Structure formats: structure tokens, C-alpha cells
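Presented sequentially are two complexes of chain A, the first with chain B as partner and the second with chain C.
For the complex of A and B:
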């Protein structure tokens, strides 16, 4: 169970149900813990969700779906891989995954920063409404689908359909792009883009100048119904 | 008149209209030839489908004893979501206000609905766009929708809710996301949804973080963890393959199923979807109940039925068929004043008249309900509007009680299919209720039995 040493607590969930893990996490936060180390997460789903506090939570192993979802403030570190929906609907905070992440990573986040050192599955950053997603590896198909705001930085390659039907927001791809999604267009990088990339990647000991980033943004041709581009509208999702 | 060389004409004195190329069809084609896209409209399907009107109650006479219609107590209290939630939703009446977005509706309309719901002891539901603060302040019981778009989704707001509702789809357009045309995406609505002002917003239909029924199970678990297993989780689905969908949703862990039939309305939709997708509300309800019975979950998982519920009699019939509550959307808007004969010149500008308006999608609602135009919104006076909705809810409740008492029931939830007869062959087949004047239902089994009986064998061979 939970052991508290000053402001650092350890929670072993080997014998606990998910419900008990989350309740204990919230209780430790309420008791004033500033860092909680969670042992034996063993790929459980829905760990560390809906935490509203300035606390560091370290999962010492892989986690399942929806890890750190709906959070508001905590700094979550996953020392392993994670499933779908990592940090979904996060309002603020920081999530770092040292392995790979499944599909729908950072889905619909409204703030904060999500970092995945490895690769992500399909639709990373789908419907993002703010915040930043940084992927050290490559991303699956339709990353940034219907993105509304915020930034996605991909150091590796992007699979098909990147930026499909984006409303707004910016995607940077350091590797190759298999294909662009409907209404996604390439834009030139401005000095602010370079500054943003340098500053963002420096947090993860990555040199932005080592990449030749492609900037992807919305062409805004799907914003309003139009009969002038019928091919675009019949191919758009 | 054009004649041939012999002076004969093929023209008839009477104009004959084609049954295929009717005037509405011609108009439809010519309009699409201008638009270059599908047509959009608000409101609901124009089709005639089997409805609760095709059923009638058979109250007590000599064979049953009625309750005194205007005196004896008849319970309406309704509990939803006790399967897994620590705090089920308790309603004073088996009615909920359906999810309608702040954006499709004005803030004043949402506020009035919230106020009326609190007085009536029922719940309201958020919609695409998240929680309307004024509505939250008014209502005691709020159902917070988790929609595919996640527009305006905020975990803090979820924690304020008395139930969560995962929306898989809606009856007006199952299998397709919502639409909010640019005329209604005002600065305020755009900010709430994190969208550019004036954009034609087309909501996704798939959730961003799950796809199938197994995933839904995990999503429901996440919502429960986020809310500490306190509040019920509803799953709302447009009526399509109801029997299968019900089983999957129950397996995924839903406390309550909200089934929205094809008569369900919307603020904006391609009309093709409204008229040609989904199955009718009554059919959906019967399918859902049978499905729950099959997996022995009837009673454990509640059904809220919606789509074209227009009065307390419809609600009573729905309860008799096995629903635990009904959800109303359009009826509540009509009580607010939708289609009322006011501001006639503005109906005229839309090319319609009161009683025919389905122009919610334009944002030019003459009575200030489905609009974000500041001047039009002022036309809905919140206090009066809330009173009207409350009065309507009251009338619905009294009608439900009236039917229950006449059938000898002191609780509206005790109404049952046996209290009704079908007025049409199709409603009899759909509901399994005998056609009025007969004692049998025209099902394949019943036909086989009668044939067997007529043949005098009754053996399985005869079947």
C-alpha cells in the first residue's frame, strides 16, 4: 500500500484494484504529497485520471488506456509504454511517456504538454483544443485529425493523412510525410516557428536544428460549405 | 393548346401529377442543382412512421378496478442508474430534458429549460459545446454529455454533474455527427468550442479516444474513476440495430440506456439523414426491452426513450411498453414558443409560416430559441418561458397519471403492455400487443400455431 516519506510517497498497486489505486492517489495528494511513485502499474487502465493538483506522479512501468486523462495540473511520468487515449481531455499539466503510446494520444487536450519519447499510434493529437504534443518517434495515420488549436511536433515520420480536416493549430514533422489529409497544406517556417521548436525540444535534450521540419496547417477551405471545390468536399471526412 | 395536323390534342382537361416526380421532388432536385450539396434543415423527419398514436389504452371496466381519476395518489418518482453508481439519479417524474447544445439553443433557452426542470424535479442535459453556466446554476440535476467532439468538455463540469452520458449517436442522424452552421458560431460559441468564429462546424461521429464496444467499456471505467463511481453513466444511441447495441452497451457497463428514435429532432442536419436513417421510437423501445429481457437486465439497466414524445399519453404508452422514463427535446422547445404565431414577418423572411418552421439551422429563429443573434435572443423572456415549460411538464405528468389511474395503477411505472391494444396491424406486430378486436398478435409463431390448429394436428410437422 502507500508509504509516505516526507512529501514523497510510494504506492505499490500490485494487490490493488484500479479504483483503490486512484482513490489512494487522490488521498495522498490531499495529504500533501508532492511526488508519488507508483509501483507495479502492470498496464492497468484509467490510472491517474482527473487529478487536479500540482503533484508529480511517476508510474514505474507500463500503463493501459486513458492514463492521466482529464487531468488539471499534475506532472505525470510513465516509465514504459501506454495504451490508447493517453492524457485525453487534459486541461493542463505535463505528461511524459518514456516508451511508446497507443492511438488517440493527447486526444482533445486543451492545455499542457504531452511528450512521447517513442512512437504513437493513429490519430495522435486528434481534436486538440490547445496545448502541445511532442513525439520523439513517428506517428500513425491521421495524426492531428480535426485539430482545433495547439501544436504537434513529430521528430520522426508521419503516416497517411496528417492534419486531415484541421480547423486550426500547427503540426511540425521532422521526418517524411506519407500523405497530407484533406485541406492540410504546407507552410513556410517563420522565425517564431524555429524559436518554438528549439525551445520545446530542448526540454527533451533534442536539438531542433538536426531536423528539417515541415510545417502543416489548415488550408481553411473546409471552414464553410462551398460549391467551388466539389472534389475537396466529397473527399473530406 | 398544341394540336397535331388533325387538330387532336393529347392534353387532358385535368392536370395529372406524377406519383414519382411530385412537386416536392422537383423542387428538391432544383434546389440541390443550385446548392451543389445536400439540403440542411432543423427539426425532425417529415415522414409518417408507426408511433405511439397507433396504440390505445384499454382502461378498467368490469374486469379491472380503476383508481379515482382526480383523487387517488399515483406515484411518478423515477430512479435511474442504480446499477453501479453510488448516487443514482432520482427524478420526481419520469421525464428528462434531452441533450440540446448551448449553441444550437440560445443561453436564454437553456436557462429557461433549467429553471423549469428544477421546479419539476427532473433533469436537463448538456449538449455539443459543453455546460451552459446559467443552465447549471438553475437546475439541480444535470446530465453531462461526453460527446465525440468534446467541444467545451471540462472535467470540472463533469464532476459537477449528477450523471454522465456517453453519446454514441442521436436519433435524428445516427451514424453521423452534429452540425452547427457558421451563422450560429458566434464569438461566444466559438470560444466555448475552441473554433474559428463563423465556421460551419461539423462534429465528428467517432470519439477521439475509442471506437468499438470493448473500448467503450474502458471509457466508461475512466469516467467512473474520474467521478469516483458516484454518478451513473448513461449511454445514448440513435436507434438503428437496437437489439445488438443494447446488449453491447450493457456489457460495456452502462447504468442507463438512452435510446433516441428516428423522430428525434436536431438543430441542423442533412434532410436525407432525418428521413432515411434510423428506426421509429416505438420500434426501438420494443427492441430494446426485448433485448434487455433476453440478457436478464430489464430493471437492472433503465431505458430512457426519446424521439417525438409529444405529450403525457405518449410517455404513458412508452412506460407501458417498458421504458423507465422519456426524454423530450422538441416538445420542450415548442413549449418555449417554437413555431408560435409571433413575429410573423420574420417567419416570412425565412419563407415559412408558424407551424411549418424547421429553420433552426439558419440561426434566424423568429422566437429567439435556436439563435445566437442578440436581438432575436431577447424575444425569449426567461421567466415566462420557464413557466410555460413547467406547465407543459405538469400537463404531461397529469396525463400519465390519468392513464395509469384509469388502468387501475397507483404508480405510472406499473403500466404495462397488457393495458393497451394496437390500432394498426403494423403497431401490433412491432409491439406484440393484440390488434384491437382480436386476441392475437400476427407473428410468425402465431400464424404457424393457427395454421397447425386449423389443420387439426398441432404437430411440429405442420409448422
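For the complex of A and C:
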């Protein structure tokens, strides 16, 4: 089942209940493992959650919904796809998905970095309160919906409604934008934006200068209700 | 929350163990819908005649089966029949005016016609899909494509008749499985009833099947019907529609309900969650991907 060899441990999910997998992960961390390789995740839900430690966890296959949620510190790698709600409410840490991700990726994260090499479903970065989300492919409907802080970098295309009702934060899109969401507006890229993109994408062997990024931010017109702009509110609601 | 699954074997004449695959995939999604499960399976199309699946809600199953066979025989020739648990399978010569289902139900107490088609057979029941597989002997069913469903009831009662898939009565070989809620159900149903269609249940998902079948009957392509449905259906939905030739799907404008597709040279696999695909198929080339909002796709022979 679980085996610790020096600081690298292996854990096979095949015969374990989800709670047993997560309990064993925490026990391995407590026993001093610095890297845990998890075999046969087989798209199961809620794996690798609520870990508060500086440990590397590698899932050798796809994971299901709500993977790596509520974490504080670990570096999680998924060698496959993941389902909805990846890294939900993560406080800090790093999550890398080498396949595609479902909807609600990096929902409400407060810090850390989430990277998806492929595409994401709808509402990636919904209600982000900090941290960075990097998507190597394209993003789905209403990405960055109601985000409050942090950055989203999309190398591919964005579907309809990007940045809808965002309070704050920044979204960069390297490909095309199908349509902007309510109160999302395009801004000029400053030198610090270019520096951030170069530094962020370099971690994933991606040259930021190969893209012509569109910067999306909040128009801040939904911050306060105004009777002078009824159309804005009608369209936003 | 419900689970939907589908499989389509590519290429003319290619088939696979659809009965086993669909029920296995449904079982992986039982947490999404523990109330009931069901499948619409497409075997070899009959060259001459139709296969009819009738559910018998009667303690005296043999008598009920005899009554159905007699009733059907008044309208068309019954070539063969057999009873497995409470599912009666009939082979009949024809149903040219689409009245056979109503005819049987009006004459035999407790009989509900679940499907009529040259290839399609709908089997559904309460509980887990693996139990339904055992009960109705679906493990050996070979076919070209199929869809399946595990239900968590939200819109209508928990019984066999309100389980998915729903047949697009009276159109042969068309069925739907749906995850979500159709909020303009009554309006759509009234509109279709005014055109002469009859509904067998109070379930909102049934309206999708009849809506698509009605459009196909009117000469529209499956692609056109699916695209129109995204505009006309209100509410949340990810659904699969199966016809004699293949499978189509659509997702609502807010992408509220999950649906993945994975494709390799031999097949297309569809499921609400990847766990359902990974548990059955080992091919690393079957890489599931989530469909986007308003996306429609179809695969036909």
C-alpha cells in the first residue's frame, strides 16, 4: 500500500477508499516524506486535499473532481487530466496539471500557482482572491468570473464572457477573445505586465514574446450602483 | 445531479459489448444518481420488423406478457417474444402509424412501452446498473452504440417509468439521457402536444427526446436540431440523444452540467466524469475533454 524509501514514498490508490488515500498521504508527510508518488488515481475525486506541508505529491494518472483543494504549501503534479474544482480554495502552493482540466479550475484560490498545460472548462479562476492561474491551452465560458485579486494567464483562446463582473485582478489572453464579460475592459500592457508574463511563463518553458497578449481588467463600473447606467446593470444581471 | 454515459463504435458495421460497457460506465457514476439506472442499446438493426421493449408492472408477469402479445397481435404480427424479469421483448412486423405503444398500454394494465425501433432497446430499473445488467441479461448485448444514465431524481418521482433513457415516442430508435432541469418544459411540451405528440411521463427530460425527434421528422439534420435545442431549451442541461445511426450531444449556455468526450480510431466515449472512462478503457489515446458551453457534437454511421 504505502512505502517510504528515504524521502520518496509511493502510495497505490487501487485498493484504498478516498479517505484512506488522503489519511495515508498525511501520515507519509508526518513520517518525513518529501515526495510522494501516487499510483492508480484513475480519475477519482477529492484526492490530495487539505495538505499543510512543503511536500511534492505526484499523481501518476488522471484525478477527478476537487483535487488538491484547500491546500497550504504542497507542490502537486497531475500526470493526466483533472475534473472540476481543481485546487479549490488553495491558500498557497503549486499545482501542475499536464492534461486538461474541467470547470471551476482554481476556484477561490487565495495564493500560490495553478498551471494547466491543456485546456480548461468553464469558469476557470472564478472568485480568485489571489495567486496565479496559468493555462497553456484555451479557457471556457466566463473565465475569471467575479475574480477579486490575482492573475490569470491564458496562452490560447478565451470563450465568451471572459472577466465577467470581475472586481479586481488581471487576465492576460494570448489568443483570441470570443467576447468580454460585463464590465471587463481591455487595458494597455505596461512593462511590469511584460516582466510578469515573461517570468511566469518561463517556468513552463514558454516564451511570452511569442504571444500578443490582451490584458483584461475590471472597468469598476459595477462597484457601485448607478441609476445613470441602467443598461450596464441590465446586461450584467 | 445525474450521470450520463455513451459509446459509439466508429465505422460501418463495427460493434462492441455495449450492454456491459454502458452498465459498467453507469456504475462508476452511481454517486451522481443512486435512484435508478437505464440504457438504450442499439443491436443489429432488423431488416424486417421492429423490436419492442415493454415494462410490466404486474405480479402475474406471465399473464401480463400473454396479454401484451395478444394485444400487439391485434395490430401487427408478433414474430417472437421473450420475458426477462419484468421486461418483455417483442419482435413485431410493423408499426406504420406509430400507434402500437398506445395500443398496448390502453389494453394491458401495468404495461408500459419503453421503446420501439429496428435496433434500439431501452431497459431501465431502480437501483444500480450492475444489478440491472444481471436482472435483464445485458452483459452479452453486442451493438453499434448506446447511451446510459444513473438518476438522482429532482423533477419527478422515483419510479421505473420516470427513469432514463426516454424514448421519443412514437419515433422509432430515438432516445435521450439528460443531466439537468428543463425550466420551460411545460411550454415546450404544450407546443409539441399541439402538434399531436403524446408524452408518457411527467419528466422534463422526455421533452428533449420528442423535441429532437420532431425536428428530425421535419427533415432537419441532427446538427441543426441540436443547435436549435441549445437556443430553445431553457435551464441546465447536458444531454445525449441517440438515433438509429449514432449519437448527438448538447450542453447549455452556462456549461452548468459536466460532459466529457474522448475519441480514438475505434470509438467515441462520453461520460459525465472521467472516472467512468478510466475504469473501463485502458487506451492512453482516449483523452477526455470537457465540452464547452453551447457546444454540440454528433457522430453518425
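By our rule, the second predicted complex is superposed on the first by the 236 of 237 C-alpha atoms of A that agree within 3 Å, B and C clash if a C-alpha of one lies under 4 Å from a C-alpha of the other, contacts with A are read in each partner's own complex, and residues count from 1 in each chain.
The rule is short, and it goes like this: contacts are C-beta pairs under 8 Å (C-beta built on N, C-alpha and C of every residue); 3 or more make two chains touch, one makes a residue touch a chain.
Since we're looking at a predicted model, the values are computed, not measured.
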Considering only the touch criterion stated at the top, classify A:99 as touching first (chain B), second (chain C), both, or neither. second
Chain A residues in contact: does chain B have more, or chain C? B
Is A:140 touching the first partner chain B, the second partner chain C, both, or neither of them? second
Using the touch definition from the top, say if A:159 reaches chain B (first), chain C (second), both or neither. second
Looking at A:81 after the superposition, I want to know if it touches chain B, chain C, both of them or none. Which is it: first, second, both, neither? second
Contacts for A:65 in the overlay, against chain B (first) and chain C (second): which applies, first, second, both or neither? both
Which partner does A:126 reach: the first (chain B), the second (chain C), both, or neither? first
Which superposed partner A:45 touches (first chain B, second chain C, both, neither): both
Can you give me the overlap between the chain B contact set and the chain C contact set on chain A? 45, 64-65, 84, 123
Residue ranges of chain A touching chain C (in the complex, touch as defined): 42-45, 61-62, 64-65, 81, 83-84, 99-100, 102-103, 118-119, 121-123, 140-142, 159-160
What part of chain C is in contact with chain A in the complex they form? 253-255, 258, 260, 273-279, 287-290, 292-293
Touch list for chain B against partner chain A, complex: 35-37, 149-150, 153-156, 158-159, 182, 193-196, 198-200, 204, 208-210, 215, 218-219, 221-222, 225-229
Contact set on chain A toward chain B in their complex: 18-19, 22-23, 45-46, 49-50, 52, 64-66, 69-72, 84-85, 88-89, 91, 104, 107-108, 110, 123, 126-127, 129-130, 146, 148-149, 167-168, 223-225, 227, 230, 233
